[in-house]
């Protein structure tokens, strides 16, 4: 992940530093003698998939350009308890002031990658693709979607402007699936696929006929889902959706759907336990 | 929670809307006829403690000032599955475009309040205070600390500038607890208490003698913790810390500590399930 | 066009006002007596398609909320020389200070709409769609793409994140069309179509076989273009591109392509002549 | 042109990159192998006056500091079709993602310089000065005024705070030319000249008597203009204004005016055709 | 003074509120019961010239739109000790949180207006104009220049872009006064006067001959200054400058200079004593 | 003072440069030949305590990274008239354009440090601590508080979020000192001390009993103040407040108070006279 000072991740890092430092780190400022240099190691305290090392580097760089951060692993690597993820060295003031923010990012993103990796493992060999949703933490969309990719998942649309997803409420407002898809074909940018959310087989047939590129099978039981896949017959992509984290993903995959989407990849995640130990 | 356009929560809401809307909601823009009005209800799909209703109101207001949002409960209320949290009505374009952001905030903040409330319940009657840490989601510090208060917890320091917390690394850099506390007393603003993190009873005695206002007992077993409380004897506040979410909080409380701090209140939270149903 | 204070158009308006007002309008501030009220009319001084009325309204509203702006026509309307586009009334200070910025937006956006409308007229009845490109004025992307739609055109992708367009340089870097399309299918969000730019019929066949959703026929003569359309045979959308403003668009349309894209819709535009006359 | 990160041009570049990159360049990100290096040349595809090379350099530098940009000509140079304007080399990701924004600036600014240069040529030897107006593209004021200077023109005031220009509407509001000029002399900063827009010879005499430093002769025929110049007799600067792009500039110059101002220098410009060819 | 949310003063107010409120007013938030309403009066505790009432109004409005602020006097009024400047009423939370920022602005701006008014009084009847300099408090330029006007003074240039002031160092770099003025005439916008700083009578003559519009007589004794005024003989404006706050301004005025500039109007000011008393 | 581009001081510097440079330095831009290099010295023109050297360095660095700034003394040093504070060398354009902003900061901050140092000298040996207040210049809080420390003073709370200070109006709203302190203890972060403002000895006793950590003795005569100190008897810190700049500070110190706070340290300060002399 390339983090330049015009990028969205950089804005998130600057905001996080700003809210944590406030008007200044009074502890470090009053207790640590100016000029003190330190060195430390980021340690995984449990097994998982690492994500966010460049973010950690950038946190320290923004505080003091002379801090050195050397990653020992790379984003996406599976690590075990005790693995040294990276070393940081330089002025104590910057390292102590930046420690918490670096860890907050690293732990949350690694928590997502780890969870995604586990779920991807459950459908191994099935050919199905796990994707995220827009149920991300407010302000961290770009970074969390990166963590999903890092864990082996794929991304659904990034935001409301790069994918047409016609849901139940849109269908009602447009007066049906057919007019809704027609309107989208006329007015939305030509580069976007049109996806329609359906709840039963009649809707499947209507969406298919209207020319949907992707059909989202929402909250269907496995049997109905398999029937829908059969009806669609590769004329559109199929996406299974709706509390998927509470189901057996391999069984869902066996219905033949192309994609399974899970909000829980990002909205309910346990941080990976990582700490910074100074020498 | 008062959300004005100069406040930190407002910046978080604007950023969340900005990242979700991108260059525009192409689905709503192409499918929903201009001028369509809708009405909907926010429903709790599981029991919990609600938090973030004013944030939801603000999301819609920022998109279109004519949207009406009427809360049916208030932040901090315990709700059951099926409770209507609020109603929203107005232009479909704003409501459909803002729905996901409003829910992302509401679900995450309510998830925190609910977890805090459960843990506070576990130490009911003990007189101990549960507090949060700086292990919050980057960018959401102010809102998440508000959710902790809403759930019945209290706040530890908001950021590095409003509390002196001398940790292990500061102690090393300063050459010991005594010189560290002395330096803090001389240089930090007079309005801040001085807290020292200690790991054993010798350090407890040194911190107490140096004049610490709060002594954090980090990763101590219950017996040592009780001994520390006895040594301190109300001459400083005592705070238990270190993987507290994996312990029996009532047993910790019984050691006599004043405060228990838990990073897990904010860093590993399951969102409360809430949805918006349009009529 | 809905202009709220979190929207991209609003940022453009604020920047334009900021750069034009500098540290204050010294002429109006020193010459016009405080409290003076005025009323004026926006007049078309040549025929065209109007675009940007809501932008003009917002310019004045940002300067003084008490200014009234009443549009007499609406965006997309064809007007003749002399048509009154709207009336503005209120404090002279705000109206005189905002006049130039309001006109700068209105004239440029109407210039685009007018040009698009003329070109759309040239392919009337052919079924082909005219689309824009990313060759927009830096900083005005969203507004200029809106002006294209207002003039009867359609939008190609808004930016680099909402469409996969594999150009010559990408093909070289990836080692060919086939591996490039394969990589895009694996890694890009599922909601985006994949478009490939080709220069000859061999590339057309390769792109089609690789599974491109859209094939851009770049700088082809009419005969080759027609052959490409025949090969593709509705299995992908076809887009004609490359100095299209110098060709007979109806002849291009007759090759059977679905889309014609023109950079000149936005990069070389004559402003529509509009003035504000105060009573 | 010096572009530092506190300058107005830098803000324009950052905004342009931000609107074009959105949440990320999905094509380059998915298709181009990480670490790929490329080299390319900016080529003039038609003759003109170059402007914006430092802007192009800055675009790439903001995306990746390791990109090298070497200009082969300098701003203000006249180039012929085929001239290599500069070379860029470095990471393919940054160069492919920045190409469009760099070209959008370079083409528009060079389009202005080219047009200005042509018009300046038409009044060669006359001693008259061609100046721009405030009819610039919203958001690009500073850069477009730079392009005017680069093409050999001069600048009228930059914005409403660095020049007093009393127009018809100000005159009405102040109750006449005399009281308007008097008020400006009393209240505007002493460092600014006072310019008055007049439409006939009576107004010329009144403005002169009131002490105007510059008198703008608006929409006068050549004969009246010459009479006005004669009346003013070098006691004030004279400026010819009003649809000047539709007149024979040399004839206007021969009336003896000091300055000719043209909105069309910036509001109706054809981009210069420039492309980036990668090796 | 009109304060809209796109104006420079508004940015200064928002920054001041932001730095004072930090992550929230913990005293008011914890001690004052929600819903408490209060009413208070701003009182002058010493005599002076009031400035900044609209700023105070805006401070409270930004915190809570329901706060009412009613000014009892207006900017520029001379008040005596005990005068009620205005009344504020509404939610206690907003009034208590905004009190200090409102006073900080009001006291500083009124301090400037008061000082300016006193100095203007000292040259009453002389016809000389007192002007400020660029020696303002960083970040408060626009507001402090407004306070100078409010006190009866006038403004020198607002910043480096709205006035040409050729100082000693510019003269050295350009190779003399004559080439410096010539270059400025060629390259600077036509709307700006050209001012030259001179130190002796030879320089006065050179500047005059070169065509300077304003000649700044820097650090001259009264006799030399009078000689300079005589030489210039109304062919340029004359400005006396250099530690003017340590001189008898009436004696300076009697030399016949048009303008006296004083940095001390803004760089060394005692705040006017004003307080807010709640009922 | 470490000034990084995410720090509050950096924002203040950027704002100051922005307001002073406007759309460009027209004098330097038109008069100084490109490529001119200069060298200059910052000279103290009166004795004082220097503060702000890193700010001056940063001003030039932001304008042009190639400018060299070498400090000859360091912040907090006492200097005499004629002392060279630092040397600056590099491109004339950056040095001439940045001179005024660098001096505006340096002079104001040094003015504060000098004043603080003088007042600290008056209570030398007494053991009392001089602290500032929130009566700082809007927008310069962090820098001015730094200048107070540089002059030998200490800081009271930085803003409303890092100290609980219960004033008269809070006491009224809460219904008395006792309930106010109780509420603060329950709801404010545990890391903050609670300070109460009192006006008489009864209030002293109530605040002490309620558990205040700091008691502010506001506007008391010396005798009452001494009695209050005696009553408090080291059970809380004592702070003398109220027009302290008009009193004999040593007499106040002799009452035994721990802290004296003075708004005048920052709200009414004479700039230290410093100039930049180019060679």
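By written order: A, B, C, D, E and F. Residues from 1 in each chain.
In the analysis below, a residue touches a chain if its C-beta (ideal position, glycine included) is under 8 Å from a C-beta of that chain, and two chains touch if they have at least 3 such contacts.
Everything numeric in this text was worked out from a predicted model, so none of it was measured.
Between A-C and C-D, more C-beta contact pairs join the chains of C-D.
One finds 33 Å separating the Cα centroids of chain B and chain F. Centre-to-centre separation of chain B and chain D, using mean CA positions: 52 Å. Chain B and chain C, compared by their mean Cα positions, are separated by 44 Å. In chain A, the residues that reach two or more other chains under the touch definition are 8, 19, 22-24, 141-142, 158-159, 161-165, 187, 189, 192.
Contact topology of the protein chains: fully connected, every pair of chains touching.
Remark: chain B residues 2, 4-6, 8, 141-142, 158-159, 161-162 touch chain E in the complex. Taken in their complex, chain C has these residues touching chain A: 129, 131, 149, 154-158, 161-165, 187, 189-193, 195, 213-214, 237, 239, 259. Across the complex, chain E meets chain F through its residues 8, 11-13, 15-16, 19-33, 36, 38, 92, 96-97, 100-101, 103-105, 107-108, 111, 134-142, 158-167, 169-170, 172-174, 180, 183-184, 186-189, 192, 267-271, 278. Considering their complex, residues 19, 22-23 of chain F touch chain C.
Considering their complex, residues 14, 17-18, 22-24, 62-64, 93 of chain A touch chain F.
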